[in-house]
Amino acid sequence: MAELVQLDEAIAELVRDGDVVALEGFTHLIPHAAGHEIIRQGRRDLTLVRMTPDVVYDQMIGMGCARKLVFSWGGNPGVGSLHRLRDAVEHDWPAPLELEEHSHAGMAAAYAAGAARLPFGVLRGYAGSDLAERTAVGWVTSPFTGEETAVVPPLRPDVTVVHAQRADESGNVQLWGISGVQKEAVLAADRALVTVEEIVPSLEPRPGAVFLPSWVVTAVAVAAHGAHPSYAQGYYDRDNAFYVEWDEISRDRDTFLAWMREHVVETASAPA
Amino acid sequence: MTESPNGRYTADEMMAVAAARRLADGAVCFVGIGVPSRAANLARATHAPHAVLIYESGTIGAKPEHLPLSIGDGELAETADVVVSVPEIFSYWLQGGRIDVGFLGAAQIDRFGNLNSTVIGDYDRPQVRLPGGGGAPEIAAWCRETFVILKQSPRTFVERLDFRTTVGHGEGAGSRERLGFDGAGVTCVVTDLGVLEPDPASAELTLTALHPGVTVDDVRSATGWELRVSTDVRSSEEPTSEELAALRALKPAEVVAR
Amino acid sequence: MAELVQLDEAIAELVRDGDVVALEGFTHLIPHAAGHEIIRQGRRDLTLVRMTPDVVYDQMIGMGCARKLVFSWGGNPGVGSLHRLRDAVEHDWPAPLELEEHSHAGMAAAYAAGAARLPFGVLRGYAGSDLAERTAVGWVTSPFTGEETAVVPPLRPDVTVVHAQRADESGNVQLWGISGVQKEAVLAADRALVTVEEIVPSLEPRPGAVFLPSWVVTAVAVAAHGAHPSYAQGYYDRDNAFYVEWDEISRDRDTFLAWMREHVVETASAPA
Amino acid sequence: MTESPNGRYTADEMMAVAAARRLADGAVCFVGIGVPSRAANLARATHAPHAVLIYESGTIGAKPEHLPLSIGDGELAETADVVVSVPEIFSYWLQGGRIDVGFLGAAQIDRFGNLNSTVIGDYDRPQVRLPGGGGAPEIAAWCRETFVILKQSPRTFVERLDFRTTVGHGEGAGSRERLGFDGAGVTCVVTDLGVLEPDPASAELTLTALHPGVTVDDVRSATGWELRVSTDVRSSEEPTSEELAALRALKPAEVVAR
């Protein structure tokens, strides 16, 4: 059963130096507040996992939390590059960043295999792409047709963090709208933290909602506005202006560090 | 800016219009964000109101009124027929062979329509680390056909890709079959200068249409390899005033709000 | 795009002698009306596919439509045996019935692989079970861990038939409640027929609903009460009494044939 | 019928009560239909109100008021926390290792808790064709532990299964590890006569409890193999009047309606 806890306690207990950590969210419900708390608590040597790393991973990488990134598309959506990610890859600042790079289909299959406790995920993919040399991919032959098919090792994060609209007091979680790969990421992980906009007395069924029962969630922490500057459908819209601003803020190391200090490091345990 | 009886328009606008025209009404289209999304939504706003737009965020049948800034925009989910999970959109729908047209951009393309969206320079010591492949490799593998849209220059149309993220026609005719890909692959590349299509025999990209005011030499000098030119190069029709109006009405929501 | 057609036309056009036919439904939304139409039209040599064959497959088998059954659990739910299925397997009446028998997990993986156009489905299963000798299963070795894992060939029916609550006039389909493996069965098939309780002007989103876009459905036919004696959530309950009666009707060949003549064969194209 | 201070009860009722008591409150339980479902719902109605019942139809957290006639009863979907697809329930939830207890019946069981629910007689020329394995093989493989509930007789407790549908402990201790199964396998078999549990060393089923009024000889003569008996056979507590009342209140909806 999920415990209802404070976000800072949850991060302190569940996210450890050296962990494989997935803060998932496919351009919606990005767990920014949780990422900021990880930065405040100074975690190091994390392997960050996410299909679509964007601003919060740029921040975590720039603040030196990560030693490796597992991903399939890393950019500032609709704006351009992630300058901190680029600086880490291109110039080892603030530290070298190892990359494990997938296609979306490959990474989704790897998460699904992790959730299903399969020894590998299967997809028809990677053939002919240079990605096959740069990712974790193997090949197996069908005993039925002789066809060779790509297989990928399961993703099994030590801890997955997702943001959802709601939980109830028992720690059952409901999220809706674009739900990406969050269910798989939670079920694939050893520990799962869910930040939510609010705790409600009961979760009314909703069209398209994903329900995560309390007994697959380790902890639930309230983080109102915790996906900002991304959005939480039904609660608030994307702060598109911030994504554009981030392009400027993040270009320069000093500007970046000053911004992070003011808006993340020196704030209390609350979303910037 | 090009002057025309239908008004002035930019090369980018001509590119979007030419790409949009390729999308048949009713086609099921897997759309990349940015220029492809703009072109697909232009098609939906003009001649293809029943085109079904699918974004890799799992939104099937999205009908955005404003241009989405990202593949995860709330408007895509709110206007979609249904939203499915990301593993499902890639397995049952894309790999499952349900998509007619994939609509992609890229940073580099080669003569066989292979695409780079990963890195400029060496992978381990890149000059420019690009966002990466995302859905592109499997979109180009499994859609019945793939349209590519990107601006033409010697930096984007290159003799040799720095990284082959996505297979178009591989080493030429026969490559896709050897790789086991069902779809026809890249069937057109729409640029700001014209349109290239794979030669039916060799699968090499061949200039088949020029946008108004563009010459074959313009295209040659914007291409990093010895460009093949069709014996029968068509001329793109200029954007109609309806197309231009529809294109200019396609704006991201926050631009509209400002 | 799905065509809106009459049920008898749809069966005449889409279901052919010798086809691999899946009439899916996991104890809910069983396409009885479609099965009865297949019986009336005298289809022969079908390979019938369904995870949980129950009364309507008993009827089709007893009426001689099938030469093979692909399944994972075949019984009269909550009541007992399917006597026509048993008579076919035990005494070749009215004809021998070949069996391809799966576990639920194996058959679900096979449908999912069919929908995803994979060369095989993967599961951790079948090891140590005598079913491994009786089903289509192979073994592959993980290139990552060396672990041996079961793989099953994809199910790819020639035609899948499912029953749903609603469609709109464009042929988009909505079903809700227990949705079983219907989405996979439709997407795995070459042709898909959906019978529906009704056509509605527009499909309002509903919690837990499965949506099948018109462009993955070949034809939609209205068959009000078309799942009876199973149930259609939101429309009518299961006719449990009939399932109990079926146990009696189906025990004796003559009683069975007389019942089928009266209630299925000599009726018009409408559910019995 | 057995007389007790709490009222008369049948051996079937004792079996259901003894099985129900095994289910811990809060346990996540994958429930087969029939007797297992009856026992699991009895547990939920008595000491285990927070037990989470999962049926293979994809209903997670079903809270049926009436006993479902089948795994697909509408009441299961209507009272569930969520309904997922059948492929998902078997992959992410069962194989994913999320289930504490599997609750199974069978037609035959052997001394190592292996189960037959496929066929009596030869597979190709069966005396009785049974419904088949359904979810049982993977339930017994992947739940943390599995409870089996079935009436004891020489026809059901057999020296050799006609067909091994489901692995309990295979050929004895070590078999499950060799097969790669995570769960502990069958940890108890509750019958109308008593309870059998696998010997910790050999994994052979051993009589560990007798229901009131039943003797070891009764159980021996209802067992098709040379039965091992624990040196310390417990006596099952008789059903309480609360348990009997709750059990008898568990009826299928249509019985209630009549």
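Things worth noting here:
Think of it as A, B, C and D in the order they're written, each chain with its own count starting at 1.
Just so it is clear, a residue touches a chain if its C-beta (ideal position, glycine included) is under 8 Å from a C-beta of that chain, and two chains touch if they have at least 3 such contacts.
Since the structure is predicted, the reported quantities are computational estimates derived from the model, not experimental observations.
Using the contact threshold fixed earlier, the set of chains in contact with both chain A and chain D is C.
Set side by side, the interfaces A-B and B-C show unequal numbers of C-beta pairs in contact, with more at A-B. Sharing over half of its contact pairs with A-D by residue number, the repeated interface among C-D, A-B or B-C is B-C. Centre to centre, using the average C-alpha position, chain A and chain B are separated by 28 Å. Rounded to a whole number, the gap between the C-alpha centres of chain A and chain C is 39 angstrom. The centroid of the Cα atoms in chain B and the matching centroid in chain D are 57 Å apart. Among the residues of chain D, those touching two or more other chains are numbered 82, 91, 95.
Within chain C, the positions touching two or more other chains are listed as 112, 117-118, 123-124, 147, 183-184, 208.
In terms of which chains touch, the assembly is arranged in some other way, matching none of the line, ring, star or all-to-all patterns. Pairwise chain contacts present here: A-B, A-C, A-D, B-C, C-D [touch as defined]. Those residues of chain C that touch chain A in the shared complex are 117-120, 122-124, 136, 138-145, 147, 149, 151, 153, 205-209.
Note for the complex: chain C touches chain D at residues 26-28, 51-52, 71-75, 77-78, 81-82, 85-86, 89-90, 101, 103-105, 108-109, 111-112, 123-131, 134, 147, 177-181, 183-184, 208, 230-231, 233, 237-238, 240-241, 243.
Residues of chain D that touch chain C in their complex: 33-34, 56-59, 68-74, 76-78, 82-83, 85-87, 90-91, 94-95, 118, 123, 125-138, 141-142, 163-167, 170, 175, 179-181, 252-254. If you check the complex, the residues on chain A that touch chain D are 1, 112, 115-118, 172, 183-184, 187, 211, 213, 215-216.
Within the complex formed with chain A, the residues of chain D that make contact are 26, 28, 52, 60-61, 81-82, 91-92, 95-98, 182.
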